[in-house]
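What follows is a set of structures for review.
Same chain, two partners: chain A is paired with chain B first, then with chain C.
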Partner chain A sequence: MNIHTTPQRTPAETALIDAFSDRLSLLPGDGTVMLKRDDAIEAIKSGLPTRRIESWHYTDLRRLLTSVPDFDTAAAPKAIAPVVEGSAVLPVLNGVSSAKMPEIEGIAVQRLSEKLTDGSIAPGLDLYGADDAIGALNMAFVADGYFVDIADGTELDKPIELQNLQAGGQTHVRLSVRVGVGAKAVIVERQAGEGAALVSSVSQLLLDEGAEVMWLIVQEQPDTATHLAQFKAHLGKNAKLTLFVMNAGGKLVRQEIVVRTTGEGADFTLRGINLLAGDTHTDVTMVLDHAVPHTASTEVIRNVVTGRARGVFQGRINVHQYAQKTNAKMACNTLLLSDDGEFSTKPELEIFADDVVCGHGATVTEIDHSHLFYLMARGIDEKAARGLLVKAFVAEVIEELDDEAIVEALETRLDGWFAAHG
Partner chain B sequence: MPAVQDTIDRVRKIDVDQYKYGFQTEIAMDKAPKGLSEDIIRFISAKKDEPSWMLEWRLEAYRRWVTLDEPKWARVHYPKIDFQDLYYYAAPKSTPGPTSLSDVDPELLRVYEKLGIPLREQEILAGVQKTDASELEEASDNVYKSGRVAVDAVFDSVSVVTTFKKELAQAGVIFCSISEAIREHPDLVKKYLGSVVPTSDNFYATLNSAVFTDGSFVFVPKGVRCPMELSTYFRMNEKNTGQFERTLIIAEEGAYVSYLEGCTAPQRDENQLHAAVVELIALDDAEIKYSTVQNWYPGDAEGKGGIYNFVTKRGDCRGHRSKISWTQVETGSAITWKYPSCILRGDDSSGEFYSIAVSNGYQQVDSGTKMIHLGKNTSSRIISKGIAAGFSQNTYRGQVSAHRKATNARNFTNCDSLLIGDQCGAHTVPYMEAKNATAQFEHEATTSKISEDQKFYVMQRGIPEEEAIALIVNGFVKDVIQQLPMEFAVEAQKLIGISLEGSVG
Partner chain C sequence: MLEIRNLHARIVDDGTEIIRGLNLTVKAGEVAAIMGPNGSGKSTLSYILAGREDYEVTEGDILYNGRSILEMDPAERATSGIFLAFQYPMEIPGVATMEFLKVAMNEQRKARGEEPLKIPEFLKRVKDAAALLDMDMAMLKRPLNVGFSGGEKKRAEILQMKLLEPKLCVLDETDSGLDIDALKIVSEGVNALRAPDRAIVIITHYQRLLQYIVPDSVHVLYRGQVVKSGDKSLALDLEANGYAGVIGQAA
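Right after this comes the complex of A and B.
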C-alpha cells in the first residue's frame, strides 16, 4: 500500500512538458508571469496528482489523463447563441479572445493576453494550494481570456455570457471578473465545443462590499473532451454570490470551486446539477473557507448517474477559528440509475470555531419505488414516470434560482440533455 | 457564546495532569534490548515458545514492514517516531511480586477504588501473585452482582492472568492469551490469524504482525452463546515500550459473544506507542459485540507525553446473517488513529459502529469506521459523537462503500460534533462510494456548541448551569452509551465526566 515507487512520467505528462517548451516563445507575459509559468511547469514535472493526494482521491488524474492533444491553432469553433437571449457575449474561440468589445455602461473589458503581457494580472495567478494541479496547468499555458471590471453601483439588466468554445487541441483560458461596490450582475460561463480537446479554464471573481452576483456555469463539452476547470471567488462584506453549476458533458471533467468569505455578512449559495452519462468521469470539488464571523453558505448538489458514468462530489467547509456565528449547510443527493454507474462523495467539515451551526447531509439511492408506483397507478408508463421523477429531482434546484428567464433557459438545457440521454 | 464562558473557562483550567490512572506499577521487568531487527523478532518468538511457522509469519511481516512508509493522511501531527528507540518486549519478571493487597501501594488501591474495580480484580491489576487462579474466580464471583465477567489482563507485552477459564471451557468457549492459543490451538490460529487484517494491510498492522507479544484469543464454537462477558484489561507500564497486542475472536455458526476491552497507562513524559490489531470473524448467524473503553494517558496540559494509539480493528461478517457491532468510548491517548471496520461479506449481514470520542487538552483524535458492503441485503449503521474541548482536534473519518454485487445495501450514518471552547476543532470526513444502483446510503452530520435554547430550557427548570450542561452532554451521547454493557456504561460515563471535568460537573 505504501511501498516506495519511483514514478515514471506518463505519456500525458511528457506531452505537457514538451508542449510547454514548444509553446514557450508564443506565450504572453512579462518577467513575473514567465517566472510563474516556470514554477507551474516544475509542478507538472513532479507529476500529475494521483489518488494518494487526498483532494484527488477519487480522480486519479495521472491515470485518467491518458493522452494530451497537440495545440491546433487552425481550429475554429462555431459561434453559439447565448443561454439567455439578449446577453452580452464575450467569446473565447479556441483559446483566443475577441478584439471587438461590447459597449455596456459601467463595464470595462480587457483581453487577458494584454493583462498577461503587461504583467498586471500576475498577482492573481497564484495557486491556492500544493495540490492545485488545475491552477498549475492553467498558469503554465494560459494565453488569453477576459478581464471584466464592473464599476461600483452598476446594475446590469442583461446577463454577460463568457463563452469558452473549443474545436479540439488544447485551450487554456482565464476569465477574471471584479464586481464593484453595490454592483449587481448575472454572469454566464459557458463551456462547450466540438473536439477532443484538453481544456483548462480558471475563473476568478472578486466581489466588493455589497455586490450581488449570480454566476452560472453551463458545461456541455462533447464526451471526447477533457475539461479541467476552476472557479475561485472572494466575497467581500455583505456580498452575495449565487453560483449555479451544471455539468452535462465531457469525458473527464473536474470542476473545482474555491470560495472564501472575506467580509462579514457575506452569503454564498451553491446549486449544482451533474448529469452523467456514457463512460465518463465527472468530479466537482468545492473548498469553502469561512474566514470571518457572521457569514453564511448553503450548498445543494443533485447528481443523476446513468450508463457507466462515474461521479464525484467533494465538498469541504473550513470554518476558521475567528469565524464565529458561521452558518453553513451542505447537501449532496445522488440518483444512481444504472448498475454500472458509480458515485463517490466526501462532504467534509473542518471546524475551528465553536459558535457555529454547520451540517451536511449526503444520500445515494435509486428512484423511490413508492413514487414510481404513485405515478404508474395513474396510468403513466414506467419510462415516462421515471423521466418525470428524475427531472423533478434536478429541476427543483434550478427552480430555486428565482429568475424566470434563467430558470426557463436552464430547463431548456436540461430538456436537451434528457432528450439526448433518455 | 458568552453564556457558556464559565464552562469554557473551567474546561481551560482542567488540569489534565489529574489523569487518574497515571500511576505506574513498579514490577520488575524482563526486557528485550531496544530496537527492532530480525533478531528481536526471533527473540520474541523464542520467549513465547512459538512454533516455526509463527516465526516465519512474523519475519515475513517484518520484511514487508521495512519497505513501508508511515501513513500521513490522518489529521494528526506528531514528531517522527523512532521505531529503533523502543523496547518491543517487556514482561513482568517471574520473581514474586507483592503477595497480598496490603503490600501494594495504598495510593494505587485508592485509584482502583475510584474506578470501581472489584477487589480481586485489583489484585490482578496490581500484580499480586496468586498461585491459585480459582481463588480469584470465586472471589470475583461475589463481586459482580450484575453478571460475571471473565478477565484477561495484559501487562505491557504479556498476558498475566485469565480468569474463569474452567467455566468457559465447560461451555466449549476458548478464552486465553494469544500466545497460549498459538501453542495450544495452532490449527485455529493458523486458519484465522491474519485472515481479516493481513500482514500486508497497513504500516502499523504490519508492524504489529511482526512484533505482537500478546493479546486475547476467543473461540466460541457452533451454536454456543458465551455464558459471560469476556474482557481484556490492557496496561502499558514500562518506559519506552511499545505495546503491540493482537486479539482474535471467532464466533462459529450461530454463536454469540460480547467482549469488552479497557486500557490505561501510567503517566509519563515521553510518548508511548500502542499499535494493536483486532480481528473478528463471524460465521453464519453469529454475532460479536466488541466494546472498548480507551483511556490511555492523554498527555499533560501542555500536550507533553501521552500514548500514540495506532490501532487496526476489523471485523469480517463472513457468514450469512452474521452481525458485528463495535462500540467505543475514546477518552484517552495523545493521538488516536483508529477505524474499527466491518466487512459485510455474507448476505444479510449487518455491521454497527457506535462511538463517543472525547478530546481535551492537546489530544488529537482521528477515528471512525469503514463499512464495506460486499454481500446482498447488507446493512450498516454508524452513530458517532465527537466532543472537542481545550486545544484538541477531533476528526471523524468514515467510509461506506457498496460494491457492484452488493444489491440492496443500506447504510445510515450520523455523526455529530460538539465544540466546547474556541481553541479546539471538530472535523468530519465521510467517504461514500456507491457502485450499485440499489444501494441506499444516508449520511448526516452536524457541528455545533450546546445551544443557548437547550441550556435555557433546562436551567429554567431550576437546574444549575453545570448540571444542565452535564445533562445535555449525556443526552448527546446517550445513543452510544446505551449500546455499552452495563458495567462499561457506568465506567464510560465516569470517564467522560473526568475528561471534561469542569464542564460537566
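Right after this comes the complex of A and C.
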C-alpha cells in the first residue's frame, strides 16, 4: 500500500516559493548561477528546517518564520553614519549596491550583481552542508552586494563599513571580501534598518597568508525584522581573524559563523555580545573547523537577556585528525535579568587529533550581589548600579578589542541599546 | 552623630547571631577605634552600618544624626553621608574606575540637590586626591580595582572617601595588606579628613594603624558586644597584654 503525502507548506514557505517565480526574471546570473538558484529553491520546497534537524533544534525556523513580506522595490532606507567615524562606506540599500565606488588605494570593489551576471562568483555560492537553509535562501534570491578585493600588502588606515540597510520587504545580499597576502584591514558589517523585513545576508571572507582582519558585525535590526545571516571565512597560513558580533535587535535572528583554518599558524578569535530584549529570538551558531595542525581559536560570547527574549549559542569545534597542536577555548556567559527570558548553550567539540588543548565552559548568572552592594555603598542607586554592572558584563568583551576608536564606537552602540532597554 | 543601641543582628542565610546587644556612641569630630579578636563581629558591624542585605537586625537601632537608618538601602545611607572603606574592595571588571567615580560623585550630588560636576572640575578633584595618596592616574584608567595590589585597593578606597566627602567614615581593617610606607600615606589621607563635623570609625585588629591615626576613643568588641571602652591608652594596653585580659574581665 502506498501512502501519498502532500507536504503541508507553511504560509512562509508558500510565500518564498511564489516570490521566487515572480522574481526569477529579475535575478542576475549566468547559467551556472541560475542552476544553483533552482537547486536552492528545491531545497526550500522540501521544507524549512525544524527542530528535528540537529543544527536547528533550538531555532525551529519552520515554526518561527510565521510570515514573509513581499519584495518592496520602493523601500528607501535612510543613510546612516558609520560605526567608526571616517570609515569608507559601501552601502547596500534595499538590497541594491551603489554604482559609486570609493577610491581607496589597494582596494578593488565590484558590485556583486556583476559577478552574478558573469558567473564569476558561482563557485563561492555553494552551501556548506545539507542543513544550510540560510545559504539556500540566499542563493535562491541574492541579487546584489559587493565583492571587495584587498591587494597583497595593503594596510588600511581606516575601516571599511559594509552597510546592509533595509526599509521593509525582502533583501538578500552577499558581501565577499578577499584579503591578500600580509594585508591588514578592519571591516564593519552593519545590519540595520526599519520595518518588517526578511533579510538574508551572507558574508564571505578569504584571508591569504599572513593577512590580519578585524571584522565587526553590528546587527541592530528593528524588533519587527527577521535577520538570517551567515559569516563564512577561510584562514590561510598565519592569517589572523578577530570576529566581533553584536546582536542588538531583530525579532528572529540567526547568525551563523562558519570558519575554517586552512593554513598552519592561523588564529581565530570570536567575541560576541547578544543583547536580548522583548519577545525576540536570537541564535548564534558557530561551526569551526581546525583542519590543519598548529592553529588556535578562542571564542567568548556574553549574553544579556531581559523580557521574554530567548537566545541560543551553539558552538561546534571540529578538530580534524591531522590538526595536531590545536588550541581551542570557548566560553559562553549569560546574565539572565528576567524570569521569562531564556538562553540555551550547546558546546560541541569533535576531536579526531590526539595532541590538542580544547576546552569550553558556560555559565548563567544573575547580577553579583556583592558587586551591587559595593556600588550602592558609594551612593549609586540600585537601578543605576545594575545598569553599570550589566554594561560592564558585556563591555569587558569590547575592551579586549584593544583599539580605542573601535572600543569607543562600540560602547556608543551599547549605550544606545541600554538607553532604549535599560 | 552615631548611636548604636542594643543592636542584635544575624546572618540572613543561616540565622547565626553575630551582634549581640551592641552599644556604641560616636560624636561628631571623634575618631573611634573598634578593636577585637578575629570573629568578634567587627566586619559584620561595618557591613550592617553600610546596609548589606546579608545581615538582618533583629533588635535595637542605629541612629545617625538622631534618625534610624535601618530602613535605608545602602545607596541612601551613602548619599546621607555614611561611607564604608571595605576590608576587601570588590574587583569589578568592565566598570572603568574613572566612570565609577564620576557616577558615584554625581549620584551623591544629585541626591543633595546639587548640579553634576563639570568634567574639568571632576578631573581636577580626582588628580588632586590621587596626588595626595601618591596614586598613579594610569591606575585609575583600569577597571575598578581589577589587578590592583592589596595596598592599591586600600588607597583607592581612601581616594573614594576623599572625593565623596562623607560625614561618617567607617574604615574596615584599612591597615591590612599595607606596607609601612603605604600605611603612612593612607593614614595621612585619613587624618586630613578629621574635622569637627565628621566622625571616623576605625575597625582594626592591631594597634599599628592607631600610631598614625590617633583615636579619641577605643572600644573592644568581643562576641558581638562592646566589652570595654577607653581612651587611646586602651589600645596600647591591648597591644602589650593581648585581648585575653580584657575578654577575661568581660567573661
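In this text, the second predicted complex is superposed on the first by the 415 of 422 C-alpha atoms of A that agree within 3 Å, B and C clash if a C-alpha of one lies under 4 Å from a C-alpha of the other, contacts with A are read in each partner's own complex, and residues count from 1 in each chain.
Methods note: contacts are C-beta pairs under 8 Å (C-beta built on N, C-alpha and C of every residue); 3 or more make two chains touch, one makes a residue touch a chain.
As the structure is a prediction and not an experimental result, all values here were calculated from the model.
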Specify the outcome, clash or fit, for chain B and chain C once both structures are aligned onto chain A. fit
Scan A:V357 for contacts with chain B and chain C and give back first, second, both or neither. first
Please work out whether A:L205 is in contact with chain B alone, chain C alone, both, or neither, and reply first, second, both or neither. neither
When both complexes are superposed, which of chain B and chain C contacts more residues belonging to chain A? B
For A:E348, decide between first (touching chain B), second (touching chain C), both and neither. first
For the superposed arrangement, I'd like the angle with vertex at the C-alpha centre of chain A and ends at chain B and chain C, nearest 10 degrees. 80
Using the superposition on chain A described above, determine whether A:S338 touches chain B (first), chain C (second), both, or neither. first
Partner chain in contact with A:F373 - chain B first, chain C second, else both or neither: second
With both complexes overlaid on chain A, does A:I150 touch chain B (first), chain C (second), both or neither? neither
Touching A:L65 in the superposition: chain B (first), chain C (second), both, neither? neither
In the superposed arrangement, does A:Q321 touch chain B (first), chain C (second), both or neither? first
Where does A:A229 make contact in the superposed view: on chain B (first), on chain C (second), on both, or on neither? neither
Rounded to a whole Å, what is the shortest Cα gap between chain B and chain C in the overlaid structures? 14
Chain B partner, complex, touching residues on chain A are 1-4, 54, 57, 321, 324, 334, 336-339, 341-366
Note: in the complex, chain C contacts chain A through residues 50-53, 73-75, 77-79, 83-84, 86, 89-90, 92-95, 99-100, 103-104, 107-108, 111, 143, 160, 164
Give every residue of chain B touching chain A within the complex, in rising order. 1, 67-71, 73, 200-203, 404, 417, 419-449
Give the list of chain A residues in touch with chain C in this complex. 369-371, 373-382, 384-385, 388-389, 391-396, 399
